[in-house]
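First chain A sits with chain B, and in the next complex the same chain sits with chain C.
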Partner chain A sequence: MKKHFSRRYLGIPYMIFLIFFVIAPVLVILYYALTNGKGQFTLSNLFGFFSSGYAIGTLVYSIFIAFIVTLVCLILAYPAAYILAKEKVRKSSVLIILFITPMWINFTLRITALKEVLTALEGNISYYPFLNTVIGMTYDFLPFMILPLYTTISKLDDTLSEAAEDLGAGSAKVFLKVTLPLSVPGIISGIMMVFLPAMTNYVILDMLYNSTFIMGSLIGSYFAAYDWHSGSMISIILLVIIFAVNIITDRFADDDAKGRRAVL
Partner chain B sequence: MYRFITFLKIFPVAALACIFAGCAGFTDDTVVLRVCNWEEYIDEGGWDDDEAIELSDGRVIKGEDAMYREFEQWYYDTYNVKVKVQYSCFGTNEDIYNQLNIGDTFDLICPSDYLIMKLMHEKRLEPYSDDFFDERDENNYYIKGVSPYIKNVFEKNETDGEPWSRYAAGYMWGTSGIVFNTDNVKTEDARHWDILNDRDYYRRVTIKDNVRDSYFAGLAMDKSKLLLSDDFRNADNYGERLAKEMNDTGAQVVDDVCGILKDIKDNAYSFETDSAKADMAAGKVDISYQWSGDAVYTMEVAAENDVELNYIVPDECGNLWFDGWVMLKDGIADDTAKKHAAQAFVNYLSRPDNAIRNMYYIGYTSAIAGGNDNAVFDYAKQCYEEEGDDTIDYDISYFFADGDTDAKYVICADPKSRYGELGARYPDLDTISRCAVMENFDDEAYERINQMWIDVRCFNIKDIF
Partner chain C sequence: MKRMGYVLWLLIVLLFLYMPILMLSVYSFTDSESMGIISGFSLDNYRTLFTSPELRDMIIGTFALAIVSAVISVILGTSGAIGAFYSKSGTKMFADSANQIPVVNADVVTGFSICIFLIVVLNMKKETFIPLIIGHTVLSVPFVYLSVMPKLKQMDESLYEAALDMGAKPHAALMKVIIPQIAPGILSGFVMAITLSLDDYFITTYTKPATFDTISTYVVNATKGAQTEIKTALWALSTVIFVIITIAVFFMNVGAGKEKKNV
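Showing the complex of A and B:
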């Protein structure tokens, strides 16, 4: 009995899940993206997207928001992750819980609470829709930036920085030449975890009363207007962008791996 | 590809069917009725004792169990046939329409006016049978009890040459208008739609986050002068002309409305789907574009916070809307037992005591006036009648009185209630006569209006260059 059992079989449930709920929906989206209302093949949805100033504008606006949010998250998260990783064990686990507990609460609840805080601070939150969006998204996505950074930094070999110090590097130089380059994989995965959801999470925008559409809301508006074809095409375009970002960051990660070998 | 999609459609349905068949162990004579309704749009029961409503004739109304569950019992007691209601909910008309297109089948759904028209146009609805309109049958609560006013609207309006009443039975109805905070907003300002765009109320206004309602408001602002002119007002065919103007989707008009909505976007606190009720009650905003049922709810909640709100249908015009029960051809599939159960379900909801339960629970106004049974008017009286010298006679005979009788349905009410809950729940004749139904747009108009909505809401790359 034991001989016949292959560990591969354990993957079957996941394969079934993958086929039904990941691959099949993407194929359905692709089908709608490349057809018109009569079911005929067409590329007009694609051309429609790139010829519309509003669609491109929305893409640019989404990327801009995502960029700012990622940047703010990185600036806030890196020092925090660094301190956490360098702290003694007991204290750091307490701090980590502080950072992670918010994730146990549903994000719509947290944003509702944030809305009250912002109202108290700003008086009328509709005066600052963009600022509020950045605050809201940063609040929501910060743990996703801290965790990969924390994991990477805490795994760094202390002997490397000690060696650098022995060789005469000041603490700033040690950080810039050793710690920072070695933590690039963490930075990359942090960016991946924050940038992409920030481009599409329109629920946060809606809840904080930013009435300008981002990609997610644009797709939603097409579906609400019964135009599944244009909506699906925008989803596919987003998917392609996400793939492109993935490939680019992968290359960075590779360089980093080479870099690490060079350091070693 | 097509076969694959069909398979995708069938698989979950088949799986669900197996599960249901497996655990419930239905025998063949049980009728399964698949009902899909708006969320929070039927009494779910579980009332406390102090919530029970006692009518003047001594009847006590109290929601014990969810109404669709009680229906199953009632149907068995009345017709000696077992029925199982599979009850589910949808969030927007667009959602339910998309659901139907993916291949979900329901027997009975409750869409709004324009979706009823769209489904009628697409020939997807099953007409009500002649038995349903037989007033001699004591269980035909709908036809016996539906308000003459609603009945008239449903009979007079047609889609592709057929009256709505053949395919749809009214459930809830109302108007749309402006809810405003009486401390901070002048009533005179709230009489016109352009309050949404008034810089005096900068960032203290909310507007509906859907293209149809927003377009309606924009249209009323664009045509304000015409709508308010005496010539237009006093024309013999005022109602017809109003309906025509408020369903105008000409390219130039859509363009003008686009500009107006862009201004409103800059002036508004939020485009909202649900949050304005809480924001109004908390005093964060002073003005909100609302449906009458939500206005009732908002005023109630605000009153608990000592915030006084009023509801006005602006002078230009208001949107008359209704939600109605329609049977789907796909679902009923010529099954007479099922059709009978579906019609009985509508009748059961239309029984006056059940209409009151739903009104109490949901906050919207039922299309049921009660016919010979005075319970619904009695309930309205109980809620809004005041004693004292400075009351006004609030006449809502148009809704309750059948054309043949001279009976008057008048409530002695607090003068404030004209713009309070009473006015929102039962608009007076003057208000209702300046309301128009917003019809379904054809494909071309829909595309144009949706493009306008994207123009309003999206950031345009061309603005930079």
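Showing the complex of A and C:
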């Protein structure tokens, strides 16, 4: 066994790094969330969040926006991914790269471009805040929805849908009863990649029209006011939501299509 | 007819994804200050982009940060993955789970928690750049770990044993036998670390020194500012980045395609 000694110890620096810079910060915000300025244990930050109309409104609005954006992404991406994966489009493996290339371009620059286009089309973009939020986020997150869908659909076994056709199912029925249920893991992966960032990415709204009515910027506003206790509580609430969503969806998601940014 | 519909749908989605950035590229070659106003051809934006010291420092700073944090991430993540791979299952479980925290967590929360811990609790100064580099490393290193781990699982263990039996020292066997076998994982981890760092806004904004900006934080501030010269110079920047990314993606995939054929 002696000859194995050196390899196990290689992990020590990373373990220390994880404890100090990943676990400790989470514990620190947990501590801040559950204490007041004097360091005493309190749940007032939690109650404060749930009794503030503004905070609750932001949470509800964030979830609503994220839901709509996810739905729009799904409606746009599913047919595209399906066509690329199943309809024998020429050079579909090159085309799919075209669909996901935008995710490597800095998102603030892409939103700048979108803002210019929307301004040219609409005149004053602040007249349509909800529409523009949905367009902005869809524009940013769409590639993250297309990729897992494509990965899952292109793996589907064609013989299953052929068998359904042979047994007399029409093409609509084959799609609804065979293809769609089998592509659920890809759909779940796509939803995870779009829904959670859409709930927290406040920069898109901020850039489009200086709005701060979304969960992510709530943290920032408390931070700017040096109210670390409330900011920490909101972080913890977000953390709990994120991990709950992940645990629930993890078992349904496609292993190959997992990982928000595991693209390369 | 059905095929026409398919092609049309793909075109609509592609148009949505590319129209803004392509329009911006066209306008970057004019002297207009906002889209929709037609005006003459001009290279002023590119001249500003490459000569303004403020823009140049910001771009160099962004890439320097990306490279430094990616190199640290590769060293930490690769050694961490090798160490965890050969550890007892409990230790490996711990590393796997802790590694997953920054992956699933929202970047805003990651940035905020690092900021609170390093700057508020430990009283570290943002001006030292240490919080910024740690923040970007936390963002990238899990992805290095995740891309190295599968390569370790595929690796042929007997080669390492053979090297030791032939008298190689463990560290020599590690460098000459294990590292080459997991090199593709290390490389893709490195590329991912670079792109994550370049794209990040949230962690940067919580940990950066007041006078330092990356492309992301700079662009966000510039869209709010009134300086049209800077604003339109950023159009030129996004055109340059768009061209570089397109070329890089094209070559990476041509390379990957050839590799697959050889196997």
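FYI, the second predicted complex is superposed on the first by the 222 of 264 C-alpha atoms of A that agree within 3 Å, B and C clash if a C-alpha of one lies under 4 Å from a C-alpha of the other, contacts with A are read in each partner's own complex, and residues count from 1 in each chain.
Note that in this section a contact is a pair of C-beta atoms (placed from the backbone, for glycine too) under 8 Å apart; a residue touches a chain by one contact, two chains touch by 3 or more.
This is a predicted model, so every value here is computed, not measured.
Enquirer: Thinking of the overlay built on chain A, is A:Tyr54 touched by chain B (first), by chain C (second), by both, or by neither?
Expert: In the superposed model, A:Tyr54 contacts chain B only, not chain C.
Enquirer: More chain A residues touched by chain B or by chain C?
Expert: The larger set of chain A residues in touch belongs to C.
Enquirer: Have a look at where A:Leu239 lands relative to chain B and chain C in the superposition and call it first, second, both or neither.
Expert: second
Enquirer: For A:Ser126 in the superposed arrangement: first (chain B), second (chain C), both or neither?
Expert: Touch partner of A:Ser126: chain B, not chain C.
Enquirer: On the A-aligned overlay, A:Ser189 touches which partner chain: chain B = first, chain C = second, or both, or neither?
Expert: neither
Enquirer: Touching A:Ala80, do we find chain B (first), chain C (second), both, or neither?
Expert: Once the two structures are laid over each other on A, A:Ala80 reaches chain C alone.
Enquirer: Please work out whether A:Phe223 is in contact with chain B alone, chain C alone, both, or neither, and reply first, second, both or neither.
Expert: both
Enquirer: Applying the touch criterion given at the start, work out whether A:Thr108 contacts chain B, chain C, both or neither, answering first, second, both or neither.
Expert: second
Enquirer: Can A:Phe213 be said to touch chain B (first), chain C (second), both, or neither?
Expert: In the superposition, A:Phe213 touches chain B alone.
Enquirer: Quick one: classify A:Ile29 as touching chain B (first), chain C (second), both or neither.
Expert: second
Enquirer: For chain A, which residues belong to both interfaces, chain B and chain C?
Expert: Residues 24, 28, 119, 206-207, 223, 228, which sit in both footprints.
Enquirer: So in the complex, which bits of chain A are touching chain C?
Expert: 3-15, 17-19, 21-26, 28-29, 32, 76-77, 79-80, 83-84, 87, 89, 94-95, 97-99, 101-102, 104-110, 112-117, 119-120, 139, 142-143, 146, 196-197, 199-200, 202-203, 206-207, 210, 216, 219-220, 223, 228, 231-232, 235, 238-239, 242-243, 246, 259-264
Enquirer: Which residues, counting only chain B, touch chain A once they are in their complex?
Expert: Of all residues in chain B, those touching chain A are 1, 4-5, 8, 92, 94, 97-98, 203-204, 209-211, 265, 268-272, 275, 284, 446-447, 450, 453-455, 457-463.
Enquirer: Can you name the residues of chain A that touch chain B in the complex?
Expert: Going through chain A, the ones touching chain B are 24, 27-28, 31, 53-58, 60-61, 119, 124, 126-127, 206-207, 209, 211-213, 217-218, 221-228.
Enquirer: Mind listing the chain C positions that touch chain A in their complex?
Expert: 3, 6, 9-10, 13-14, 16-21, 23-24, 27, 34-36, 76-77, 79-87, 91, 94-95, 98-99, 101-110, 112-118, 120-121, 134, 137-138, 141, 143, 145-147, 164, 170-171, 174, 188, 191-192, 195-196, 198-199, 201-202, 206, 215-216, 219-220, 223-224, 234-235, 237-238, 241-242, 245-246, 248-249, 253
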